[in-house]
Amino acid sequence: MQIFISFILAIISSMLIDNVVLSRFYGICPFLGVSRKVNSSLGMGVAVVFVIILATVICWPLYNFVLVPAGIQFMDTVAYILVIASLVQLVGLFIKKYSPSLYKSLGIYLPLITTNCAVLGVAQSNTDQGLSFLSSLANGIGTSIGFLLIIVAFSCIRVRLESANTPKALKGLPIALFTAAIMAIAFMGLQGLFSGIQL
Amino acid sequence: MPSKKHYIITSITLGAIAMASAVLIGVTNLATRNQIKKNEQNKINAGISEIFGKSATISKEFAIKEYKYSNYVYQVKQEENDNNYALRTTGSNMYGKVSLIVGFKYQETEYVFSGLYVVSNEQTYASTLVENYIDPLNKKTRDLDDVSCGATYGAKLVRDMVNEAKEVVNKGFGE
Amino acid sequence: MSREKGYTKKNFLKGLFIENPLFVSILGTCPALATTKSVEAAIGMGILFTVVLICSNILVSLLRKIISEEIRTPAYIVIIATFVTIVKMATNAFLPELYSTLGVFISLIVVNCIVLGRAEAYASKNNVFDSLIDALGMGLGYTLALIAMAFFRELLGTGAFSFGKIFTFIPAFKLQIIPKGYEISMFQNPAGAFIVFAIILGVIAFIKNRKDELKLNKAKQERIRKEQEAKLAAAKETGGNQ
């Protein structure tokens, strides 16, 4: 029971308190690049959730059961990026075969995920920090859902901003970044959310 | 339609690149390994001189295996008859890994906690933990059990590590 | 291959200003926000990034005839990851403080879009020397952009510039500029990073708009002047005829 509670707490904390985009700064590129429309940001977010969870499930055993026994821990970055790149390809092929309609909406975002730092960042920090498998999984789930949440919320705001009357120099990215700053301040307020819970 | 030969050449190129990269990384690893170890040793020496003062030297060191966090013991001497210990302890929780040196001084009947040094801290709220918990602990302005500091889980981990080390050092090492 | 004169200089300078990877192309934003808490960390990140970019550009350019079209991306990723790992180990050995400050962001140079982007867009099509110059320009441009971000964040966030913490071989010193108690610590937080980035982009957009406007105005004035001249000439002609 306690393991279950701490699992849930870890998911929530890496999703909200320690949000990928707003406090760890992973995946800013897609956050700014693919958030002009709600639909495309939703597609990107779902694809990222998919890939991050798969990558966590593969990279952790790869590190602990292959790289460490072989004594080549220093090859971790190369191994992870290869796993992620081939994973993205495989997921693309799989979706294309079994659900062409999903592929139509997700397909264009899949190549972009290889260069999304959130995926490599989660895999790398899981093993750098020496987390257990369960913690890694919680970190992966929480991080990816946090990314989905933030990118969708951000795109909803950006759609409104398009029609707002902003100064000419701030049109586009600058005003979006100001919005992100305000969101980051809001998320800072969530720190210490669990300090009352005894464990 | 690409021929069979084309495929073979492509895969050979990829394989060659992968091999070359593995060799390059291996060579760099050999070249830097000793330096990395030396850096770690320097860090431990720095920690011990911070806890026990500049004149402290390590007189004996050995690994211990049977405990959850504590894994290495340094016997520290400042003067001839000193018998102080520093323990290297490493632990991790949901927020990451912490590695500490915990110093103990022998006072009258038992070993008393005398200082903490952070060797590596990969907690998410690393700076909060250090500023609000570990630094005040070293200045004796905070109690070990007073863990709600903004990085409560990290502080709890540190508390458990210190308590275990205290138990270990007071039990003795079978000498 | 015919080369226009001064191409090398132009090639170098484009990375600094016209095609600055961070402020104009908006690439490589993750480390730009995460590692710019202090000027020193920004310099360190910039140097590591430039080293990786130079190495990968040279190697990709050397191998551009061997690597065929369909294995481009995986081959480039492996090359970049190799150099990143080497740089990471070297940093861990010789600059341990920099290694622990930047943490996972050294590994994340692998997925920095600039490195892969330059390999695909430039090094795979140009010779070694040009690729080297391109990498130097882009790396320097990125480093300067990081320093600009870190300058404001450290100045406003801590009120002082401190050196010697990360590059331990220089003597440690602290330059207090804003008196203690008047600093705005928010600029050290994520929110401050976003705000500084937004303001810099806004200023750049403002200058660009202003330049465009001036150009437009000049063109308009030119046109009006020409029209008037033509009218005058026409008037003269008709006047002469009368």
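Order as written gives the chain letters A, B and C; numbering starts at 1 within each chain.
Basically, a contact is a pair of C-beta atoms (placed from the backbone, for glycine too) under 8 Å apart; a residue touches a chain by one contact, two chains touch by 3 or more.
Quick caveat, the model's predicted, so the values are computed rather than measured.
**Q** Just by CA atoms, which chain is the most central one?
**A** It is chain A that sits nearest the middle.
**Q** Count the touching C-beta pairs: is B-C or A-B ahead?
**A** Per the contact counts, B-C leads.
**Q** Could you grab the centroid distance between chain A and chain C? Build each centroid from C-alpha atoms only and quote it in angstrom.
**A** 25
**Q** With chain centres defined as C-alpha means, what is the inter-centre distance between chain B and chain C in Å?
**A** 37
**Q** Mind checking the centre-to-centre distance between chain A and chain B? Centres are C-alpha means, answer in whole Å.
**A** Centre separation, chain A to chain B: 29 Å.
**Q** Where in chain C do residues touch two or more other chains at once?
**A** 74, 78, 81-82, 85, 89, 103
**Q** On chain A, where are the residues touching two or more other chains?
**A** Where chain A meets two or more other chains at a single residue, that happens at 74-75, 78, 125, 128.
**Q** Which chain B residues reach two or more other chains?
**A** Correct list: 21, 25, 29, 122.
**Q** Would you mind writing out the residues of chain B in touch with chain C in their complex?
**A** My answer: residues 6, 9-10, 13-14, 17-18, 20-21, 24-25, 28-29, 31-32, 35-36, 39, 43, 120, 122.
**Q** Please output the residues of chain A touching chain C within their complex, sorted ascending.
**A** Per the touch definition, chain A meets chain C at residues 22-29, 32-33, 74-75, 77-78, 81-82, 85, 114-117, 119-121, 124-125, 128, 168-178, 180-182, 184-185, 188.
**Q** Along chain C, where are the residues that touch chain A in the complex?
**A** Residue list for chain C touching chain A: 26-31, 33-34, 73-74, 77-78, 81-82, 84-85, 88-89, 103-104, 107-108, 110-113, 116, 186, 189-195, 197-199, 201-203, 205-206, 209.
**Q** Which residues, counting only chain C, touch chain B once they are in their complex?
**A** Against chain B, the touching part of chain C is residues 63, 66-68, 70-71, 74-75, 78-79, 81-82, 85-86, 89-90, 92-94, 96, 100, 103.
**Q** Could you pull out which chain B residues touch chain A in their complex?
**A** 21-22, 25-26, 29, 92-97, 122, 124, 148, 150, 152-153, 156
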